[in-house]
Amino acid sequence: MQLTAREIADIVGGTLSGNPAEVVTGVAGIREAQEGDLTFVGSPKYLSAVQTTRASVIIVARSAAVDSTRTLLLVDDPTAAFSKVVERVIPPPIRFKPGIHETSQIALTAELGKHVSIQPFVVIEDGVIISDNTVIGAGSYIGHGSRIGADCLIYPRVTLRERTIVGNRVTLHSGVVLGADGFGYEVVDGKHRKIPQVGFVEIGDDVEVGANSTVDRGRFGKTRISNGTKIDNLVQVGHNCVIGEHNIICALTGIAGSVITGHHVTMAGQVGVAGHLTIGDKAIIMAQAGVTKDVPAGAIMLGAPAVPHTQFKRTNAAMNRLPGLATKLRELEQQIADLRAKLDSH
Amino acid sequence: MQLTAREIADIVGGTLSGNPAEVVTGVAGIREAQEGDLTFVGSPKYLSAVQTTRASVIIVARSAAVDSTRTLLLVDDPTAAFSKVVERVIPPPIRFKPGIHETSQIALTAELGKHVSIQPFVVIEDGVIISDNTVIGAGSYIGHGSRIGADCLIYPRVTLRERTIVGNRVTLHSGVVLGADGFGYEVVDGKHRKIPQVGFVEIGDDVEVGANSTVDRGRFGKTRISNGTKIDNLVQVGHNCVIGEHNIICALTGIAGSVITGHHVTMAGQVGVAGHLTIGDKAIIMAQAGVTKDVPAGAIMLGAPAVPHTQFKRTNAAMNRLPGLATKLRELEQQIADLRAKLDSH
Amino acid sequence: MQLTAREIADIVGGTLSGNPAEVVTGVAGIREAQEGDLTFVGSPKYLSAVQTTRASVIIVARSAAVDSTRTLLLVDDPTAAFSKVVERVIPPPIRFKPGIHETSQIALTAELGKHVSIQPFVVIEDGVIISDNTVIGAGSYIGHGSRIGADCLIYPRVTLRERTIVGNRVTLHSGVVLGADGFGYEVVDGKHRKIPQVGFVEIGDDVEVGANSTVDRGRFGKTRISNGTKIDNLVQVGHNCVIGEHNIICALTGIAGSVITGHHVTMAGQVGVAGHLTIGDKAIIMAQAGVTKDVPAGAIMLGAPAVPHTQFKRTNAAMNRLPGLATKLRELEQQIADLRAKLDSH
């Protein structure tokens, strides 16, 4: 990419102020922009960053009436204008052509839909069914009897263990492992004896699972990720969980076995949820919280062990007053001693 | 799977109450069961769930004398009866046939035992020794000079770096990386210079390592996971750790370098252990605890920094009384002022 | 490895005390050493371990004047002497020979430098450029248009998504995923609609990324890991982060999107950093801390939410005095009651 400020103005329209020959070689958000980047101010609250950003050209709202010596491009809708440049300069997303790569190993009993793309070094075991337009990335492994819906994008190096079910329009990022054994043992003669994990994993429609995340198969029955739920990288979902629809689960979160979540639940990064709990609809679990009890619908939970965020704030405020409390206590002690002396000398 | 309540009663015996034509298409635990599922009550404490479960048929103990309009199957031992149905309806576990897949790349100097199964796209480097009946899953990489015992199950896409030693009856789930370099640097002229990590990883017998977990090689000498220890998904074990026998280490736990644990230690999810510590036999580290000091045998640790759980509870209780404490302090202040006024007016 | 204490003394020089026929079969640090190991005391503070280590032969400083019946080897510089033995007995690191394995799939438009090593089952897509002496490990995937510098070591089973840029002398451990989509959605009609992630990942020179760690591509523009930064296993770096030079980021740390760090920042294990924050040069974030605000240069942060370590210590100390505070409060209450009674009876 190499464009001048003038050329960008020609693409998006708007009024240029500053140096029209300023050269742009990349695009970035206003905080992370480096010299040579084009950036934009999408919200008035970031306007002050116009003075501090390292970007070379900044798209701002005409209405903001910014006073700056920087090279600015004044437009009606900065976000739309920026997106227009991004679309122009960013290469199109990779499309994997339909077809079966000659190196892939596909069982004779597997059934592939129309326009399926099977990339190099893929293994597809007996009884697998893959629907139309789905892409299986290089080096992925699709275990016996698994079924994958239509229009899915399985990135390279994904593992689906046997009998995994995946819906339509699902994206699985590289390194995902679906259907590894649940972590269940019973102690027999001082040793941990494995409890067979003979269930499976079921992923609904429009689900996305981030890189290197893992969802364990059910002990018997299924572990389910429901429609529309999005899971970030390095997340662990334990056996027999039923994750509801349209959940957002951020990186490094760990959900123990048999947890049930409602719809539109949000878990921020590094959250932990103990086993066999129920999390209500639209609950929000803040980052690093450790959930040890059922969470009612709509609750906002914080801390470890997690408590409602109002309680957390109250306790935290009290904590901050703690050193002052000790000082006050010493003062009262002195006042009492003074009073006693006074009384005795009375 | 498709069975009626009547057919299930025929399989396991017992007395049917409710609708014998109720159709069952799956099996599940009582909380996560959906319509169409068969479930069971294994323990009297879950009997109340008989009224709330979404399962279509419930196996309960005859002795529980449950009063319900649900379709129930009354038996002497619900867990055994349920297991009998599960065995009947769940497909048998996948068995990988012995033999070497034609696509695998096996060094001439590697030695393979009897009935070994080498799946597609496996790479086995020079000097590797693999014992009888072991399965190496598709796309796995076994580095130079590694030795794997008998009856092991290495799932697809596992990496063993050079000179890793694995015992007998070990299960490694997909994405496991054994023997990556330990994380050790020394600062030289303001830069981090790598300390060579020339040791190895040694895994004992009957160990299981969960999906995408990592065990780093020793700096020199070994990182060891001892017999019978079970490690969950996404766990990190640092260089030169010696994890004792029959430990249970749950998901997303991170153990820094040179930690030594006794036997039967339990670490719940997302535990962190600082480097060079010793954890005594049978100690239990609760979820999300951050261990910063040696832990004596049998201790139950909680919190970050981790303290014995009795202390944690005491502190937590005091925390909850904190707002009350402040109120009380204000009261005392007032009382002292009153006393002083009274004394002055005396 | 099999050497007697006498043979070791012949290798490193020094004076032998104890049993010269003692057989050594391994090397290890003094705490993790087992019977049969050679170990050493590099620092006087570990001298007491000479009595408790299970090692068979111990190299100690002549100047330490240790009095022990153990088999000791007295030398001027124990660390140097031990390293000499280690170099002698540890096999040399694995070198992957230059050349392209016949099973690898390399796009015609890819450009490979001199002495590049492409291992089995590697996929290299269109437009990739790989510079001299770089090794691409077995089963790795290098996406369209990616560029990798010289002298890099990419271990087996690494994924680089399209347009990733990697500098020189970079090490990527097995399971690393660079350039998976950032985790960004906007809610439309109650569903999470994906925000296109069309940027890329840029890795500087001399960077190391640990096993199964993930660095997401920028939304537009880049996610950058700067020169000399070292990342441990199972770390997540979110989209559009700009990680500065010579950072140390330990295992299981999660950094949300658009975080900017200065140079020489250290994050210990399991740290969490919220999105859009700035961390100043040389700041240290202690293990398990949860950073929720910008961190000034040089700060040492602790706790969740993270506070400067001096404040954390003060609060922690106050916490420990909390039960005492309550007791003291009850005493004062009693004293006031006594005073009042005395005053009333006056």
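All chains are identified by letter, namely A, B and C, in their written order; residue positions are counted from 1 within each chain.
Operating definition for what follows: a contact is a pair of C-beta atoms (placed from the backbone, for glycine too) under 8 Å apart; a residue touches a chain by one contact, two chains touch by 3 or more.
None of these values were measured; they are calculated from a predicted model.
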*chain B and chain C are the same sequence; what rotation (0 to 180°, nearest 5) superposes their CA atoms?*
120
*Give a one-word verdict, same or different, on whether chain A and chain C use largely identical residue numbers at their interface, taking over half shared as same.*
different
_From the mean C-alpha coordinate of chain A to that of chain C, what's the distance rounded to whole Å?_
23
_Using the touch definition from the top, which residues of chain B touch two or more other chains?_
103, 121, 139, 157, 175, 212, 234, 252, 270, 288, 304, 319, 322, 325, 329, 332, 336, 339, 343, 346
*Which bits of chain B are touching chain A when the two form their complex?*
26-29, 31-33, 37, 86, 90-91, 93-94, 101, 103, 119-121, 137-139, 155-157, 171, 173-175, 206, 208, 210-212, 228, 230, 232-234, 246, 248, 250-252, 264, 269-270, 287-288, 304, 319-320, 322-323, 325-326, 329, 332-333, 336, 339-340, 343, 346
*Spell out the residues on chain A that touch chain B in their complex, using ranges where they run on.*
103, 105, 121, 123, 125, 139, 141, 143-145, 157, 159, 161-163, 175, 177, 180-181, 183, 185, 190-192, 194, 196, 198-199, 212, 214, 216, 218-222, 224, 234, 236, 238, 240-242, 252, 254, 256, 258, 260, 270, 272, 274, 276, 278, 288, 290, 304, 314-315, 318-319, 321-322, 325, 328-329, 332, 335-336, 339, 342-343, 346
